[in-house]
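Same chain, two partners: chain A is paired with chain B first, then with chain C.
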Partner chain A sequence: METTYTPKKNMNLLFAAMILVGIIALVAGFVSDAQRTWANILLNNYFFITLAIGGLLFYSIQFITNSGWSAIIQRVPQSLGAFLPVGAILMLLLYFGLPSVYEWAQPGITETDKLIAHKAPFLNVPFFMIRILIYFALFIGIGYLLRKYALLQDKSDDLKYFNKSRYFSQVFIFVAAIFFSFASKDWIMTIDSHWYSTLFGFRNMVLSMYYGVAAIVLITLYLRSQGYFREVNDAHFHDLARYLFRFSIVWGYLWFMQFIIIWYANIPELTVYYEPRFLGSWQPLFYGEMFINFVIPFLVMMSDDLGKKPKVLLYISLLLMVGLWMNIYMQIMPGIFDTMKFGFVEAGLWIGYAGLFLGVVFLALGKASLVPKHHPFMEESLHHHI
Partner chain B sequence: MTNIVAKFRDEAKLVSALTMLKNNKVNLVDVYGPYATHDILKKVTRESRMPYASVLYGIFAIVFIFGFMYYTSVIDYPLSYGGKPIFSFPPMVIVIFLFTILLTTILTVLTFHARANIFPGKPLKNPDPAITDDTFALVIGQNYNPEEIKEWLKESGADEITEKEIQ
Partner chain C sequence: MIASSIRWPMVKGEKSNKEITRELIAPNEQKPAMWWYIGMTIGTLALAFGGWAAYMSVTVGLGTWGLTNSVAWGWDIINFVWWIGIGHAGTAFTIFFLVFRQRWAASINRTAEAMTVFAVMCAALFPLLHMGRPWLAFFIMPYPNTRLLWVNFNSPLFWDVIAISTYLLMSITLWYFGMIPDLATMRDRAKNKVSRALYGFFSMGWDGSMISYNRYETLTRILGGLAAPLVVSVHTIVAIDFAVSILPGWHATILPPYFFVGAIFSGFAMVLTIMILIRKAFKVKDFITAKHLDAIANVLKYGSLVIGLAYAIEVFIAWYSGVSYEMYTFLNARMTGSFSTAFWIMVFFNAIVPQIFWFRKARQNVWSLFIVSILINIGMWYERFIILVSSLAEDFLPSSWTEYTPTMVDIGIYVGTFGIFICGMLLFIRYIPIIAVNEVKAYKKEGN
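Presenting the complex of A and B:
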């Protein structure tokens, strides 16, 4: 069994090139349209923080459900969480662009807009930054503890550290459920600062799991193609495919729930959010994201035989990455701009962020044994079959 | 007609016995057990076509309930409420979703019962009451070499081998 991951030589070069593309896009963006660039920075921050939180949530769920099958790939979701410190720094850098993204952060807005003035005790710049610090302190703190006990377990026969991991997994699920919901509301929902949805936080928190699993599938498949994870068989992929299938239903359900209630009630305060999306110029994306995130994964994964095939999983997961981007794009951009904008800034920044994210994740993967040692469920995972 | 009934406490032993009997083309009637096991299901049954039936029922349910709602709310009794268009799809989604699940479930259950020949009041076929507790039982039909089969079963670790008539 190959237990240490040694990156290929040109991997880091590739990541560096991707980051370079991102930096070029960043500079080009700031020269041409600063507001658009800030919006894209927020989009990409949220995109990759979602994947990191989703990875850690998946990792925690394996512990609290006593799942044995996933023991072999556990380092992959855990390494996704390694992006959180980087994400925290990038999120704090958004401080300089707050007024371009958030209406409520514009100086003097409280004097002309009564509704924002009413919300000002919560929605003000200092408290917003403090909240970012609190969220990341909690996520990174517990992520660090999970990582620490996982590595200590590698060195010891004692199950003490495994039990500690399990304990902190329980804590993390509560923390992520509460604070990532709040974070989503803070970072995304307040862009449309006159609008609110009580489902919003829960929706985004749950979705992070969906796309987190897609990212886990992609990284596992890559590592498998490089000769690692030889013991990962069809049954493991089948289980991951089931996660994707279930979450595609959850995605469709929550997406529709938020829409139908606002559509039915027809209250102007709430329909203001869906007016540009459902009827305005964003309509193609509105239906497009529904097809990419729900209809296609749902119909493909419905077949048990298709879901087992790694190739099908690969394409679905790649599609879901596009879907996540569209999902966040549709949550952020209609609140800031009137028309759809897609160009080098969007694509280049995403590539740059992806390079950074993959660089951090693969660095974390290379730092420890790729397969957990002394994991009590390891035997079960190696012989997983359905 | 008498059947050979072999009782197993250990699931793994039953699976190995099953493999051997299958390799020797023994006429197997049924396997009873306290819970469903993938290994046994794979060895004993043909691949189920029930999922395809379910998909067909699902498509039928979607078409049926959509047609029904379209007929009632657009053609037969168009009523404007809440200022919504007479034909509006969003509220139909929930009804389609729920009705599809309901009709598919009911039709699939009925199909299963029809196919497996199970109905209320059917006499009990259990070879032994212990299969509801902790025992697996293999029921073997008419074969040309019953003594040899008994020998094989004993070898693979059957706890008890009896002969019994099972309809």
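Presenting the complex of A and C:
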């Protein structure tokens, strides 16, 4: 069993080139339209932080459900979490662009807008930045502990560290449920500063798990194509496919619930959010997003035979990455702009971020054994056939 | 199949299949103990009280209830939602633990599903009586009729009827089909002709052959797949009944998942209560081990997290929204005003007390498990009380504000549903094996 990941020579070069594209897009964006660039920075920050949190949540869920099958691929979700410190820095950099993205951060707005004035004790720049620090301190702190105990377990026969990992994975679920759902409200919902939805945080929490699994699938498939993870068989992929299938249902459910309740009650203060998205110029994306994130994965993954095929999983997961982007795009942009904008800034920045994200994740993968050692469920995972 | 050494066995001790059958079916083959008769007496008395209350509601009218023009939904709907919530756990237990391959649930499934069936029946009684003229209940069914009337398809209340009747049908089917192999065992062991004929009829000629099992497994899978969305849909639609209105405290997008998790939470608490009692009464500690109870307690911990989080989010967003009515409902009426006692009971029992399950000792002590499970059920009742009554009693116009107190008839119907539940459960444990014998045998060697 090949247990150490050594990156191909060109990999880092590729990531560097991607980051370079991102930097060019960043510069071009700031020269042409600074507001649009800041909005895209937020979009991509959130995109990749979502994947990182989703990875760690998946990792934690394996502990609380006593899942044995996933032991072999555990390093993949764990490594997604390595992006969190980078994500924290990128979120903090948003400080310089807050007024471009958030209406409430514009100076003097509290004098003209009564509702924002009411929210000012919560929606103000210093407190917003402090909250970012708190969120990341918790995410990174517990993510670090999870990583630490996993690596210590590699060196020890004693199950002490495994039990510690199990304990902290419970803590992580609590922390992520409370703080990531809140962070989503904080970073995304407050863009439409007059609007509110109690479901928003839960919805985005599920979003992170859903796309986190898609990212795990993609990285696992890549590693397998490079000759690692030879023991990962159809049954493992099938289980991942089941995760995708179920999360697609939960995602669709929450998406629809938020919409139907607001649509049915038809209160202007709340329908204001869906007006541009559902009836306005953003409509194609509104339906497109539903198709890509729910209808297609749901119908394809319903079949047991298709779910076992790595190729199908590959395409679905790639599609879901597009879906995630559309999803976040639709959460952010209609609150800032009147019309859809898509060009080099959007594409380039995403490529840059993706390069950075993959660079960090693969670096983390290379730092430790790719397959956990002394994992009590490893034998089960190696002989997983359902 | 390889099982890790850290997994715990589902059945304690090395038992042969024969021993398992004998131990699990023994209670059905003996004369019931004293406690069974006492329970039946209590249940029947409760039923009689409920029968009187239902009689009053029908003959005198709904004026005998504590409802007013402002609070048009009172104990009836509170108890309806409460029972429906409990009625979630059985099917959820089977389905969701199947999804996560939690095999240990196999020894609890049967009782949890029975609980579901009786709880949903209790729940369905409330809207039925609330119609005032229950004999016209069939009006709610959409079919071409000589009255030339159609139901209002746009109304969530109509969706509710459909969701609940479908769910009841599905839970009964799932429960019944799950019993077939065990009913056949009962048939084969039956000593007199009547019971052999009855068990024989209900076991549908089960022969236990490979091909029968094969088809049976496929059927279970299909039923399970159909039941999963139904479990979610029922409480979602109950939540939508409230959420699509424009009342402060009701119109919240979080309500569907929050109700759903609340339902699972209260249902699992009830499962825990019942399992502890059954474990004690039937001496099946080798099948429902301390680890089983520990696992349910852990689930309650997460349920409590989501519920507590939902409370916090609702209060925060009420302030954040800046809508004065929302702010009044949450910050005044619920947290500090007329309903504050109930509100803080709800928060304490649902969001704080179950967190005691972070400690292993609390998860392994039967008494703490029992007490917390009861407290959760009380807390969840208060949650429904808070949601319904606080929003209705003090809404937009202070001139229409009112106080709500239940009458003896309200209480009678609620007690009566306990009668249905207690009698139903007692009859169930008398005549049907409380633990799915065939499943326990299949999984006894696999760890959890």
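Definition applied: the second predicted complex is superposed on the first by the 386 of 386 C-alpha atoms of A that agree within 3 Å, B and C clash if a C-alpha of one lies under 4 Å from a C-alpha of the other, contacts with A are read in each partner's own complex, and residues count from 1 in each chain.
Note that contacts are C-beta pairs under 8 Å (C-beta built on N, C-alpha and C of every residue); 3 or more make two chains touch, one makes a residue touch a chain.
Nothing here was measured: the structure is a model prediction, and the numbers come from that model.
Superposition of the two complexes onto chain A shows a clash between chain B and chain C.
When the two complexes are overlaid on their common chain A, residue A:K119 makes contact with chain C while staying clear of chain B. In the overlay built on the shared chain, the residue A:L159 is in contact with chain C alone; chain B does not reach it. In the superposition on chain A, A:Y264 contacts both chain B and chain C.
Within the superposed three-chain model, A:I178 lies in touch with chain C and out of touch with chain B [touch as defined at top]. By the touch criterion defined above, A:L314 lies against neither chain B nor chain C after alignment on the C-alpha atoms of chain A.
Of the two partner chains, neither chain B nor chain C is touched by A:L20.
Greater residue coverage of chain A by touch, when chain B is weighed against chain C, goes to C. Once the two structures sit on top of each other via chain A, chain B runs into chain C at 206-214, and not at any other stretch of 98-106, 134-142 or 206-214. On chain A, the surface touched by chain B in one complex and the surface touched by chain C in the other have residues 260, 264 in common. For chain A in complex with chain B, the touching residues are 256, 259-260, 263-264, 266, 302, 304, 386. On chain A, the positions that touch chain C within their shared complex are 64-68, 115, 118-119, 122, 159, 173-174, 177-178, 181, 196-202, 242, 246, 249, 253-254, 257-258, 260-262, 264-265, 267, 269, 376-377, 379-380, 383. Across the complex, chain A is touched by residues 38, 51, 55, 82-84, 90-91, 93-94 of chain B. Those residues of chain C whose C-beta lies close enough to touch chain A in the complex are 1-7, 99-102, 229, 232, 236, 240, 243-246, 251-257, 298, 302, 305-306, 309-310, 313-314, 317, 320-323, 448.
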